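Lettered A, B, C and D in written order, each chain numbered from 1.
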Amino acid sequence: MMDTSAIRGDFPILERRINGRRMAFLDSAASSQKPVQVLDAMVDIYRNSYANVHRGAYTLSQEATEAYEEARHKVAVFLNAACDEEIIFTRSATAAMNLFAYGWGLNTLKPGDRILTSVMEHHANIVPWHIIARHTGAELCYMELTDGFRLDMEGARERFDERVKVVAVTGMSNVLGTMPPVDELAGLAHGVGAVLLVDGAQLVPHAPVDVQTLGADFLGFSGHKMLGPTGIGVLWGRRALLESMEPAEGGGEMIRDVRLHESDWAEVPHKFEAGTPPFVEAIGLGAAVDYLSAIGMENVLEHDRELTGYALERLAEVPGLSVQGPADTVDRGGAISFDLPGIHAHDVATILDQEGVAVRAGHHCAKPLLRSLGLTASARASFYVYNVAEDVDALVDALGVARRIFGLDGA
Amino acid sequence: MMDTSAIRGDFPILERRINGRRMAFLDSAASSQKPVQVLDAMVDIYRNSYANVHRGAYTLSQEATEAYEEARHKVAVFLNAACDEEIIFTRSATAAMNLFAYGWGLNTLKPGDRILTSVMEHHANIVPWHIIARHTGAELCYMELTDGFRLDMEGARERFDERVKVVAVTGMSNVLGTMPPVDELAGLAHGVGAVLLVDGAQLVPHAPVDVQTLGADFLGFSGHKMLGPTGIGVLWGRRALLESMEPAEGGGEMIRDVRLHESDWAEVPHKFEAGTPPFVEAIGLGAAVDYLSAIGMENVLEHDRELTGYALERLAEVPGLSVQGPADTVDRGGAISFDLPGIHAHDVATILDQEGVAVRAGHHCAKPLLRSLGLTASARASFYVYNVAEDVDALVDALGVARRIFGLDGA
Amino acid sequence: MALEDLYREVILDHYRSPRNRQALDRANAVADGNNPLCGDEVRIELLIEGGQVTAIGVTGHGCSISQASGSMMGDAVKGRTIETIRTLTGRFKGMMSIDGANDPGLDPNRPGAVLGDLESLQGVRKFPVRIKCANLPWTTLEEAIKRFVSTD
Amino acid sequence: MALEDLYREVILDHYRSPRNRQALDRANAVADGNNPLCGDEVRIELLIEGGQVTAIGVTGHGCSISQASGSMMGDAVKGRTIETIRTLTGRFKGMMSIDGANDPGLDPNRPGAVLGDLESLQGVRKFPVRIKCANLPWTTLEEAIKRFVSTD
């Protein structure tokens, strides 16, 4: 069990009152809040040990470099990576996915090749493939959903043949909360000789991930959704695959030698980290990983699940409301999207905000999914380590206010 | 005149003692230190107004979005851009140059086209072009240097013909301090219908830049070299050119619509900012820009110039030492590279560090330049707003120690 | 900020029963607008005859504010000259801007184009992220008219 | 940390007058090594005959530490068997590691391969960024031997 009141004490922003009311922050799936420990770790570097990394033979630079590489090590341990070199720091999950799409895809894919993804992907795992498909002549194909908001594995199986060179799938949908069976997809992908990229933007913050058993070959995620700062993300990849992969960006630190008309690449991970990396942000992410590890990712998952179960129960009390996503908490994370007929999601969010409840409204960067659900927008509440049942109650009460204002109350 | 002692008070790290000695931090060309104002601006957002930008219809998200767009506005004013939309936030200067190379270059260049750059470029303005040249079949050509470490404009002029589609040149060399004549290069580039990208990584932190008179069409730079945080950079571009340019990365926020097999792009600048941007870092950069503007960029340039003049004078006292870069302070920034025969640059840096003096040693991510100078490494001292003459004196004294240890003293 | 200022009854009424929600058989000026952030979409179809909008269709989907704004706009511009519509548009956008509160056009005693029901959208100004929603039908209308004029 | 620990006279002597600085006419094991961070480069050429290194060439450029380490290494491995060289390499790298100070191999009274002049590089351990410099010739030597053995 988690001591949420101690945890809440580490997040000063939760004290903020919104429109005079207690704040229920229910938008962690978009970005989480940060504990003071993360802010302190970054401020400490800036105030005491700041200099560019990997570049100076002097004290501050050595200290900063050590702290940066220590952060890499922390992330490697957090994911149970085979070695620190498998951790590539990027700007974000989006940047990680683009690094892979350009570094691997642009240099590998050919006309006739297939990229297999799913309709529940975030734009970050669709749009880069549109671009790479256009440049290479490869074709983008989709796996569909069941009526129960799960990946339709039966239909999916038929999509796997030797034309498929890469499977790019989310570890947890940011709209539905659905967690597809990555291990099974890995088996299918490897069976046809394809590599598997998992979009871990929602999975890594909310569930224990061991890359040695996950089945994926590459995994991208962002720091800011897992208590870390903005401006930092990670691409994890199997070392051997990273070693044979071309870099996407060129610049300093990623080279062994630069001649006038050619360059040779440095070893991994540096090959993929062109220029001055967001190293203070990486150090912040290291502190976030420490914080999450101290709680225990099993406990984080369990806490989310409990709140999700409670929220699904309470939301069922709201007349007319429908949830887009699995109705139970099996293989499901704590992102709950819902539709309240007669009130547009954007109006829901505005009214909830007035009541101190922060939820997101819109297409959640998943337009193909929303379209396939027959929606143009939905509202979404999502949970993290600092949320409590009281937040769910505030949500349900505020939905009552929205229904009253829109005259849906026993009209 | 600048009040350096008031300025130094804003940089707590300058109090650090290195090996028991006062620290002379002379590596700002690699990365600058940060004033408390910048750290406070970022911590304030994290503690009080943090949520993902552009995504939420609730209070925190509106506050964060406003602060982010306000930072964009500050940078636009700082550069005298025609509008805020011309400011694209990236991870760094390197990322800005890669964004341009991929977004513009990969989608525009054809076999037979030429990319014209100079031998004094940083790897960030060479290696991306190696990659793009390989993908497109375009050819990379170089402008050379004069014996006085200036761009050889006579030779350069002959390079300009209608095959040249893009000119990519530094605004200030991080090794030599040389500031090439951007306006003249702009005339030459535009005369043959080419676009001009200026690598402003050193120029923007150290000199007043007005993009409406500079002559460049695109300009990339990093926040961390101008008192801002790591993880943030800028690509400025003329609006009309940005509007016709393809994005490099795909993801959330950069789209107008995403369908299964195609996407439409959002308006500038969002088209180029895929996913969650490093928005807290942008806000930090906004605070850095405020800090620099309060000093006045004319004063920053003048201060650097005075220290450079003084350092060139004092370094001339060191027997055998040779400076790579213009011998005067005309069109020259405060980065001074030098070679001390008989002591390798790396040894110089180690000894200086023991004396509290932080300088950089190596190829400075400019291998083609160093090779053309017949060197494999050099040491470099560089200045910024918090440096004082005492730092230069400490440098010269420490070089004396190095000479003594290596037995070069009146041997 | 009170929610009642935003969600006036007349707005909810237009949202529930939008006017001019039709595809025109015979339109000669059409534009599509969308708000990429919230996904609101609107299509404006106009029949312009003799410098006058003789028919208008406002379709699409979105939040109560964009839908109500479009519905009211249709009523306000139908039968008006392009000239008058331009004045109306300027006035509406003025009302939605930060200093809109001081617009004398909002004085009901003032002669000239009067916003009528549209004035009920004043409360939106207090919810800055929603201003785009209210403006969406109007910028799309401007676009449709611009296209008509340029091909005229 | 005192600079005297790092820049011992014997190191500076090897730096100024490097031994074995030659290209071999007849090498049968060659490797290039570099340290991308500081730009140090080294080339090791070996003539291996009957399991023994009968000639060695150490060329390249770089800082005093990498140059002196390479120079001393040449002296130490010349005439030795691959076997002994492996022991030496392990001992040298051990000396350069964090707990190298406790390596009994550094006891001059201990029998077996003794590092000799190379022990003067012990001070490098206190300057962690320079450890790579000291190790560069050795990792390159290992690479050269590995290539010889695998094509043998």
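Convention: a residue touches a chain if its C-beta (ideal position, glycine included) is under 8 Å from a C-beta of that chain, and two chains touch if they have at least 3 such contacts.
Model, not experiment: these values are computed from the prediction.
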Inset, instruction - Tell me which chain's centre, taken as the mean of its C-alpha atoms, is farthest from subunit B. - result: C
Inset, instruction - Return the chain pair with more inter-chain C-beta contacts, choosing between A-C and A-D. - result: A-C
Inset, instruction - Calculate how many whole Å lie between the centre of subunit C and the centre of subunit D, each centre taken as the average of the chain's C-alpha atoms. - result: 80
Legend entry - Whole-Å gap between the CA centroids of subunit A and subunit C: 39
Legend entry - Centre-to-centre distance between subunit B and subunit A (centres being mean Cα positions), rounded to whole Å: 31
Legend entry - Interchain centroid distance [CA atoms averaged], subunit A/subunit D, Å: 47
Inset, instruction - Give me the residues of subunit D that touch two or more other chains. - result: 37-38, 129-130
Inset, instruction - At least two other chains touched by the same residue of subunit B: list those residues. - result: 19, 55, 57, 255, 257, 346, 350, 361-362, 367
Legend entry - Arrangement of touching chains [line / ring / star / complete / other]: other
Inset, instruction - Identify every two-chain combination in which the chains touch. - result: A-B, A-C, A-D, B-C, B-D
Inset, instruction - Spell out the residues on subunit A that touch subunit C in their complex, using ranges where they run on. - result: 19, 343-347, 350-351, 354, 361-363, 367, 370, 376-377, 401, 405-407
Inset, instruction - Can you check the complex and tell me which residues of subunit D touch subunit A? - result: 34, 36-38, 128-130
Legend entry - subunit B - residues contacting subunit C, complex: 54-55, 57, 62, 255-257, 266, 270
Inset, instruction - Provide the residue numbers of subunit C that touch subunit A in the complex, in ascending order. - result: 1, 3, 6-7, 12, 37-41, 61-65, 67, 127, 129-130, 133
Legend entry - Residue ranges of subunit A touching subunit B (in the complex, touch as defined): 12-13, 16, 18-19, 25, 27, 30-31, 33-34, 39, 43, 46-52, 55-61, 91-95, 97-98, 101-102, 106, 119, 122-124, 126-131, 133, 135, 140, 142, 222, 224, 229-232, 247-255, 257-263, 274-281, 346, 349-350, 352-353, 357-362, 365, 367-368, 371
